[in-house]
Amino acid sequence: MTDQLYQEIILDHYKNPHGRGLREPFAGEAHHVNPTCGDEITIRVTPDLSDISYDGVGCSISQASASVMHELLTGRTPEQVRVIEEAFVALMQGRGQVEPDEDVLGDGVAFAGVARYPARVKCALLPWMAFKDAAARAGALAESGDRQTAGTSKGANS
Amino acid sequence: MSFDVAKVRADFPILSREVNGHPLVYLDSANTSQKPRQVLDAMRELQERHNGNVSRSVHTLGTEATSAYEHARAKVAAFIGAASADEVVFTKNSTEAINLAAHSVGRMLEIGPGDEIVISEMEHHSNIVPWQMLCERTGATLRWFGVTDEGRLDESRLHDLVNERTKIVSVVHVSNILGTVNDVARIADRARQVGARMLLDCSQSVPHMPVDVAALGVDLIAFTGHKMLGPTGIGVLWGRSAVLEAMPPFLSGGSMIETVTMERTTYAMPPARFEAGTPPIAEAVGLGAAVDYLSALGMDAVHRHEREIAAYALKSLADIDGVRIFGPATPEGRGGTVSFAVDGVHPHDVGQILDDLGVEVRVGHHCARPVCARFGVPAMTRASFYLYTTTAEIDALAQGIEQVKKVFNP
Amino acid sequence: MSFDVAKVRADFPILSREVNGHPLVYLDSANTSQKPRQVLDAMRELQERHNGNVSRSVHTLGTEATSAYEHARAKVAAFIGAASADEVVFTKNSTEAINLAAHSVGRMLEIGPGDEIVISEMEHHSNIVPWQMLCERTGATLRWFGVTDEGRLDESRLHDLVNERTKIVSVVHVSNILGTVNDVARIADRARQVGARMLLDCSQSVPHMPVDVAALGVDLIAFTGHKMLGPTGIGVLWGRSAVLEAMPPFLSGGSMIETVTMERTTYAMPPARFEAGTPPIAEAVGLGAAVDYLSALGMDAVHRHEREIAAYALKSLADIDGVRIFGPATPEGRGGTVSFAVDGVHPHDVGQILDDLGVEVRVGHHCARPVCARFGVPAMTRASFYLYTTTAEIDALAQGIEQVKKVFNP
Amino acid sequence: MTDQLYQEIILDHYKNPHGRGLREPFAGEAHHVNPTCGDEITIRVTPDLSDISYDGVGCSISQASASVMHELLTGRTPEQVRVIEEAFVALMQGRGQVEPDEDVLGDGVAFAGVARYPARVKCALLPWMAFKDAAARAGALAESGDRQTAGTSKGANS
């Protein structure tokens, strides 16, 4: 049964994470924690999303999710990010009823099985929630030019 | 008839037992209600099939228990019209909920000397003592609404009592001893006007009538599971999100944290922030089942039934020589709780002789000693009704009172 | 064999269920235990036949409920060797019990700047955060015992840590994450010597071994019903009479008062003083039944069984390549709780794959984050045992770990 | 069934209490409360027990008990008081199993039925407990001459 959860793609990203490590320069940073299991992630983004760097400790699902997210979102436009983000969140909250679109989600489709494990959905979403905060702080998702002041802060993913 | 009391009674196994050789006539639901089979079954099902700790496990049992617990929260939230399930904090009873509010809101507002807290003379001890203790800790001043001869909240001094020094107003929605239903709209308006926080003690309203927190206009309400067909060990503090989010924790420990080091702890968002330690899991599930049971009947229908019983009881008691009723004399603006005195007989003795006939009423100060003092008696006898109460039970009460009179004034 | 585990298991309906197509292997009893039929029956019997509020009624149902509730108190008192039933205060869980102690003893001793509170790095969050908050409120300083590499309390600095400034010492009897049993005699002696009050967190000892408060030499202990075959929603603070009598109330409201006026309240004697509001009545009765169940088996026998299982588990896990055990490596001075790491696999993933095989273990920081930090890991996997655990279940765990390794390191 | 509780003798004492009212002089006073039902009693005694006066509010059982106690204890020696007190307490705590001795307890035997009602035992004992405190404060029960200082204070019967 966990075959659906621990897809080859997920284990690959877990063992060989893409783009891992915190890099300079960055305009927004966010640190999120899963209070139940102690998983943590820090995400940094540049204003133009040309780099999304991250580091953290966590289970295969949260770590692979960060790696996949790095791949999917780096270098995208705010509009593309919004579409991908929404698709991923919808997949995770779909309790296994949502059919993922590989064109939008790429390796992210491997997370379809996670949606059947309510306790693990939080793991998969942890990097995405942290990204959202970091990007907001970097002003990276503003459609127009009114970008917010960049900054660093800490939030909880509860 | 839309409300089938016989059908309801069939769900309560205890109602078919005998007491002292007489059929049980349970007229003490304001103290604690009886529980239908459906509630006990739901708890047993959880305990026997899906027992695990919540919010801490990834395993199947833990996930099942967590989902049952959070489902119960969502049911309770829907029952009182909360904007979100996160506005529902599970406590062990109303009393803990009010203590939580007194400590946490007290700290949030940095209550100190010169500040005023306003309650009323009609409160249950659980809505008096926590505020007295808050005042003791902080140097704030406790003030209160009086009670009129008719047993209603005396709002004549509202503007004096609730003023710019007032930080918290906490009053009861339905009196547990007089049965009075307080229309708190004016008080809530005034509290908002002066910027005070307002808590409503709904221990006796949520079980008996439709309560919609959005319409009440208050910040917090408290109520308790065992008075609304649920088990003991579970109560609720509801709070508006913005208020709960601003409140610091009260009880602390496992499950209410975000992260802990030996030096420093950060706290989770509500409701987790206020639920330290293993919560009453099966009890929450039982309360959820109670809410299902009440919702299926409809709170309007429950309320209507109780008003009919109350009207019948008020009339029956008024017809007995030497019986004096405390609180509103007509069913308007009152719930199904009637306190009374029998001339020359102490409530303890009234209760004893009624019990001998299987009629279970409460006697004493009903955890509302100031109300007894207000009406110049050390104690009262109280009959309180619920969705399973019948007019035949009121007749048994009336006959029992005649027996009391016979023993003491032959 | 004197301890018949098959016979015990037959009393626990849940143990015959399946999880993910496999027989349930429940190895999470340190989180919450399963409940035997006897406990659930006792609660149902009360709720269905004798349901009334306690200490407030003269009627038959109320008297029956009160007597069941007070009987449960007496049983719990006898179980831990308390001098009197009045030394047993019912709370909703261990966490509330510790919060009660922190608030009330804090006020009793007028804790302030310069005073010190001593805990340990091995504590459950519920025995950390209430003391951090006490220090925050009062300006006192929090200090703590460290943990050795072997997972034992580091008492080397006892005399420095517990000194004449120390007002309260609060440590855990048995660690919920390392399984360590702390022999607290030296610490208790030292606390007495410097005049400090001492609380022992017995949440993981009272369920698993004979505990005799008279022998412990401490002032207060806390434990929780749901970890000892009882229901959720009930916990215990035991205190020596003289200490409880000197402690001011914490939660306040109905049932804990002597007399109330709007101006001033006086309080009842312990234990009532600390039981504000309607207590967890059915839950106390359930705990009483749990205590009966454990006493009938004998806590010595329960403890012996768990030591055998722990020894078997320690050996089985040590035999698996890539498994590292945290805490004492031999069954001496440890309980039936074993935390471990599987090389290169995050505990969350270990737990998930084990659950897939029906093996329920807990993963995470176990509400003891400082212990994880101490051992340099963000989380651990924990298997914990109880009187119903079998060696076959340990075998299932070991096989499950092999499966974990296969998935992650094929 | 309550016939056993509400014996004629008890109702008589309730309706026509003996010695009721607080009188001067007195050497010791005590005020006891039953927190459950709000019953209260105040007892005053002289050092030689020549007068035991009382007042209070309460149910038939507590009020009749005070009246009977007044009758039984007034003018007795400390030793006699001890014997009567012990007999009454034993009767009350006997759960209906104790046979009362009319020579010792007089009208107090009527309280035998109360012992079957645990919730009412407290009522019957309320005046007796208050007497004990008042007498101690009056030094009335000291065997030798070392009487305590007289005084007034308040205690709870819980």
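A, B, C and D label the chains in the order they appear, each numbered from 1.
Keep this in mind: a contact is a pair of C-beta atoms (placed from the backbone, for glycine too) under 8 Å apart; a residue touches a chain by one contact, two chains touch by 3 or more.
Predicted model, so just to flag it, every value in this text is computed and none were measured.
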Partner chains shared by subunit C and subunit D (touch criterion as defined above): B
Greatest separation from subunit B - chain, by CA centre: A
Between A-B and A-C, the pair with more C-beta contacts: A-C
Separation of mean Cα positions, subunit C and subunit B [Å, integer]: 31
Distance between the centres, which are taken as Cα means, of subunit C and subunit A, whole angstrom: 38
Subunit A-subunit B separation of Cα centroids, rounded to whole Å: 45
Rounded Å distance between subunit A and subunit D, as computed from the means of their C-alpha atoms: 77
Residues of subunit D engaged with two or more neighbouring chains: 36-38, 117, 120
Of all residues in subunit C, the ones touching two or more other chains: 20, 56-58, 62, 257, 259, 348, 352, 363-364, 369
Chain-to-chain touches, reported pairwise for every pair that qualifies: A-B, A-C, B-C, B-D, C-D
Residue ranges of subunit A in contact with subunit C within the complex: 1-2, 5-6, 11, 36-40, 57-61, 63, 117, 120, 123
Subunit B contact footprint on subunit C (complex, rising order): 13-14, 17, 19-20, 24, 26, 28, 31-32, 34-35, 40, 44, 47-49, 51-53, 56-62, 92-96, 98-99, 121, 124-130, 132-133, 142, 144, 224, 226, 231-235, 249, 251-257, 259-262, 264-265, 276-283, 348, 351-352, 354-355, 360-364, 367, 369-370, 373
Residues of subunit B defined as touching subunit A within the complex: 55-58, 62-63, 66-67, 257-259, 266, 268-269, 272
Subunit C residues touching subunit A - in the complex, by the definition given at the top: 20-21, 345-349, 352-353, 356, 363-365, 369, 372, 378-379, 407-408
Interface residues, subunit A side, partner subunit B - complex: 33, 35-38, 117-120, 156, 158
